[in-house]
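Each of the next two complexes has subunit A plus one other chain: subunit B in the first, subunit C in the second.
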Partner chain A sequence: MLKTPRRLAKKVEGLSDRAVAWLFIAPTMALLLAINIFPLFWAIGLSFTNYRANRPNEAIANVGLRNYERILTDPDIWIAMQTTANFVFWTIALQTVIGFGLAFLIDRKFRGHAFWTTIILVPMMLSPAVVGNFWRFLYQPQIGLFNYIVSFFTGIPPSSFEMLGSVQLAPWAIIIVDTWMWTPYVMLICLAGLRSIPDYIYEAAEVDRASPWRQFWSITLPMALPFIMLAVLFRGIENFKMFDMVNLLTGGGPGSTTEVASITLKREAFEKWRTGYSSAFAIILFVAVFGLANIYVKALNRVKQR
Partner chain B sequence: MHVGLKTAAATASFMMLAAAMPAGAQADELTLCWAAWDPANALVELSKDFTAQTGTTMSFEFVPWPNFADRILNELNSGGKLCDLLIGDSQWLGGSAENGYYVKLNDFFDKEGISMDDFAPATVYAYSTWPKGTPNYWALPAMGDANAWVYRKDWFENPEVAAEFKAKAGRDLTPPKTWDELQEVAAFFQGREIDGKTVYGAAIFTERGSEGITMGITSALYPYGFKYEMTPGKYDMEGAVNSPEAVAALEKYKAVYKCCTPPGYSDSYMDQGLDAFKSGQVAMMMNWFAFWPGMYKDENVGGDKIGFFVNPGQNVEGSTLGGQGISVVANTDNMEGALNYIKWFAQADVQKKWYSLGGSSCHVAVLNDPSYPTSSPFAADFLAAMNNVKDFWQEPSYASLLQAMQKRMHDYVVADQGTAKEALDLLIEDWTEVFEDDGKL
Partner chain C sequence: MAEVMLRGVAKSFGQTRAIEGLDLTIADGEFVVLLGPTGAGKTTTLRLVAGLERPDAGRVLIGGEDVTLAPPSARDVTFVFQQYSLYPHLSVYENLAFPLRSPARRMGKDEIKRRVEATAKLVRIDHKLESRATRLSGGEMQRVAIGRALVRQPAIYLMDEPLSSLDAKLRAEMRLELKRIQQELGATLLYVTHDQIEAMTMADRIGILKDGELIQIGTPRKIYTEPRNTHVATRLGQPAINLLPQGLLPDAGLPAGTKTVGARTEHLRIEKSANGQADGVVDWIEHLGDQNHLHVKLGDRKLITLSPPDTPLAPGDKVMIRYNNPLCFDADGNWLGGRAQ
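Right, the complex of A and B next:
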């Protein structure tokens, strides 16, 4: 067994437990301050200026709340926020329902359930870049498998509709891919919830002659609810800042149909180079996610305490 | 210390120091940044002569077109040292000159006897000068280019197809001379069976992310007589950007997109167009002259099977400018080597070889050569196009101006939002906001 070097042991000897604890967490704190907290405050500072990263020689002027005012009164920003909300709502709704359903089935422990669990988890293990690229091919109207499958079941010619180029279908194209990829994640969390319910509760319910339907509504769902809510929280935060999948599949198009807030933010920050303006937008998004997540966590705690 | 140990320590220290030094610091090495496309391969070949003559090793950083602006502008904005030389888009000139990213070349040109009169005036204006038209040079014209068209000559000359078109349109099936004719020809081919395959009318630019749809739509706007300002330099866009001619051009582009493009063509630029044409899907393709040497050599659809035509006119003749100048990046650690490359590249003999390898020289020794118009099936069209080219804003805020146009045009053409007039009115609002932020309005 390794012994603490005598010189180090001597130095540590005089320190209190609290000081040693600080010593251990100091590197992590320093790293967090450097890569999270400092940039956050820097961005807050920039959000009150007209700074543009592509104009290093230009004087930076303080514009007060003008960036915030412009963002909050810009109809295009509100459309992007609506698109984001729409996307978050539908992906979470579908992923929760399908994910819980799959977890419920897998929890039955039928023959080969471990194999099927692994198969279901495969999409989640892929890189979003890979998923985005191959779904682009699947959605291709002339050679894409997706259009052929739809055509096979409906009789609609495969080239007669395009998932990524249609204003009506493009948002659904992204929702389908996100649901395909992340439902397994929701399923895993729900499965953990279902497996945490002690068997004796069900045994007691059966003694009381409760029907399976009654058991589901009175035992399974309430006891798995904190886990479901946790999955919704994680997916909600992730999808609120969804960028990669949308960027790869539609780039925000057609037009601005699928331009979620993160795509708008990227365009403002790294294509138009309006650094001050985009900093303000990033702060608004941060406050929105942080605020909503806090309200949600409080609700989650209340559910857990019941 | 033992002499051997001392030597070993000194060697190790030197090696560590050498490894720690940035690559750009080596005087005999140059990195040239450009887009990844056919002409870039020709430049690699050409630059071997420079290496042979000077001993300078050339490295290349070629970025695919959709990421080219993002990647390179990020590099310039962050003060990176990746590129010693940059063949950057013409629209970057304003920003790069005003932000000090490019070296002003006037003194160097005077010292080395490099005359801008040796290059085609349109290319000097577009690729070298900022402010526009003034004798302030920030680049040497390197790659002349404009938007043009290629068509399936074998389909056009097919007797049955030609006869059917004549019966339908009352004229011969020839490359279109106007946008009206272009739509008519494209509609004729749309959905037609040729050699047992369903083919489509035209591949045009509809890409949303970088510059695609803007480059495509300006190819319709300019021939209709589109202007950016009522008075040059005054930024008075009302009545110019949303003129009746501009509205008509935009409606025409949308009509061509709706009637005559292959299925799933809602986000397509150069590569998607090349794919569609090379796979025999479309009768005509809009793309840059830079691709024509490669297209002409293509085993499947090249040679006699294809023909080329200059961008169709309408009220006037007009083509969208492509192409780039070569600049020295101010942040380079090898200024002398970079300037030497420019000096070497400006020579008439090098320019002739550049053209022979597949580059598009802007040098008068190449363009004014009597044999030039017949040197390739598209050389005469190139000369015609370069006489009528127009470029997008080259302002320092070009990126914001471009993104606004990408959004408004894609919203109207692909996403069916609003009318052409509304799209152009909104574009004026966006551009006005940009110029107000810049203090120009």
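Right, the complex of A and C next:
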């Protein structure tokens, strides 16, 4: 065993366990306060003012709840919220169905299932910035692989449609990329759920003459449900604040068809420099996610306790 | 109910041989208990009858029909697992009704209700029909699991140590219950345990398994009094039979070829020595209340036997020990048949 150097030993001597514990967590606490807690409260403060970050010398007036009032009555904001809801709904629906399906197949433990699991997980390991950039190339009408494959199977000429440039297709382009990237994550959680179901329950069902169909609906799905719900929660929170990929792929366009809430927020804050107003919007988004997540976690706990 | 036959059944898992050349017939309405230590192949035998494992060799017949290759659902069996294999998100009622709801049965709603309620009463869980399976105590869960097997009337009930997870009191109750239920229904039942008391009290016949082989099968009385070899003899009796080398105690009149003498309590007469002559010394006495375990030292050997609670013996006493019709085994540990003297 290494002996503690005498100088250090002297310094530590006389400190209680509690003091040492505080010493260890202090850096983390300080960092958390500085970059999470403090900005949150600062933003709450700003949300009641007309402060603009690009005009720091202007007088700041307290406007009370005016920012909130204006946001909640602004039709553009509601359109952005709808776009977000649409995006969240479709990505979760697709990722849950495909992710659970893949987990169900991988769970069969066929030859090489570990290899395929790893392969499937690859997209998840990439950075969203990288994913956004290379999908821009894949979606290229002339040289993009995506358009080429679609035309190969359907016969539609590849340059006749623009995934990122069309008002109808752009939302789906983003949904496809997010699904491609994050389905493996949902699969992983579902797989953990499926693996947690003991074999003897299936054996009991088999002896009880339950068909595979009935086994799925009365054992597999109910017992994996808490895991599925957890995956939905994670993906839901994550996609509610989706920013980087959308920003890289479409930047909210064409027009504002893919302008999700966080893109609107960025425009208000760093293009229009309405700092007070965007702070209020950020707080509203935060409360919305927090509230929804809380309701959802209550439901999740109810399912888990069954 | 039907007769179940295993003929020359063998099963290995990789390099491990679980069952070897097993021949076993369970008569219609018979309660057969397989007794053996962990890894003897008891559970594998049950799973082979259920169809949860496929034999490497041999045949399985249920009611005269060869079902060796049939899946579990095609065999008319029910299985009680050692673990609480309830459907956790379903109520007790739904758990019990689960096997009846199989589309193959096409059972009416009223009939299901009648059967579930009758079965719940049988296993004394009728007061908790609406509870969720996960809200039950261990004993209640296992009663539901047993009930789920009883709700059908299959060719054979298979039970894998169903009572091992219950506390002693409940286990004693359930032992009686199971025997009563089996007799009431006239059920054919194959039951696996490592508990000799369960085997002795419930079985019509006991099968002793060791390393995948059926060493002996017979009525509890027969297995107890005429064990085929020393292994079978040590499986039954509490405290365990004393296996002593021939010549350790005066043993005139034992059959020729006796190498090992098996002596249970009823095979020994122990008296306080009067004339200084002694075979052994009382080492210590375990008081169990209704009886005592008497530990006697015979040179470097030890002998354990029962004695009445009011025994006059005390640790340190010198004692005379005589055999009284003990079990005699040859050099290979095989029983020599008949009784001595």
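Here is the rule we go by: the second predicted complex is superposed on the first by the 275 of 306 C-alpha atoms of A that agree within 3 Å, B and C clash if a C-alpha of one lies under 4 Å from a C-alpha of the other, contacts with A are read in each partner's own complex, and residues count from 1 in each chain.
The rule we apply is simple: a residue touches a chain if its C-beta (ideal position, glycine included) is under 8 Å from a C-beta of that chain, and two chains touch if they have at least 3 such contacts.
As the structure is a computational prediction, the values presented were derived from the model and not from experiment.
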Which partner does A:Gly251 reach: the first (subunit B), the second (subunit C), both, or neither? first
Kindly classify A:Thr117 by the partners it touches after superposition: subunit B alone (first), subunit C alone (second), both, or neither? neither
When the two structures are overlaid on chain A, which partner does A:Asn86 contact: first (subunit B), second (subunit C), both, or neither? neither
Looking only at contacts as defined up top, I'd like to know whether subunit B or subunit C touches more of subunit A. B
When the two structures are overlaid on chain A, which partner does A:Arg209 contact: first (subunit B), second (subunit C), both, or neither? second
State whether A:Ser218 touches subunit B only (first), subunit C only (second), both chains, or neither. second
Which partner does A:Ser151 contact after superposing on A: first (subunit B), second (subunit C), both, neither? neither
Mind working out whether A:Arg55 is in touch with subunit B, subunit C, both or neither, as first, second, both or neither? first
Which partner does A:Gln140 reach: the first (subunit B), the second (subunit C), both, or neither? first
Partner subunit A, residues of subunit B touching it in the complex: 70, 73-74, 76-77, 79, 95, 98-100, 208-209, 262-267, 396, 399-400, 403, 407, 410-412, 414-417, 437
Using the touch definition from the top, list the residues of subunit A that touch subunit C in their complex. 198, 200-201, 203-211, 214, 218-219, 222-223, 306
Per the contact definition, I'd like the list of subunit C residues that touch subunit A in the complex. 50, 52, 71-73, 77-79, 81, 83, 85, 87-90, 98-99, 102-105, 132, 134, 148
In their shared complex, subunit B is touched by residues of subunit A numbered 50, 53-57, 140-142, 159-160, 162, 164-167, 250-257, 267, 270-274
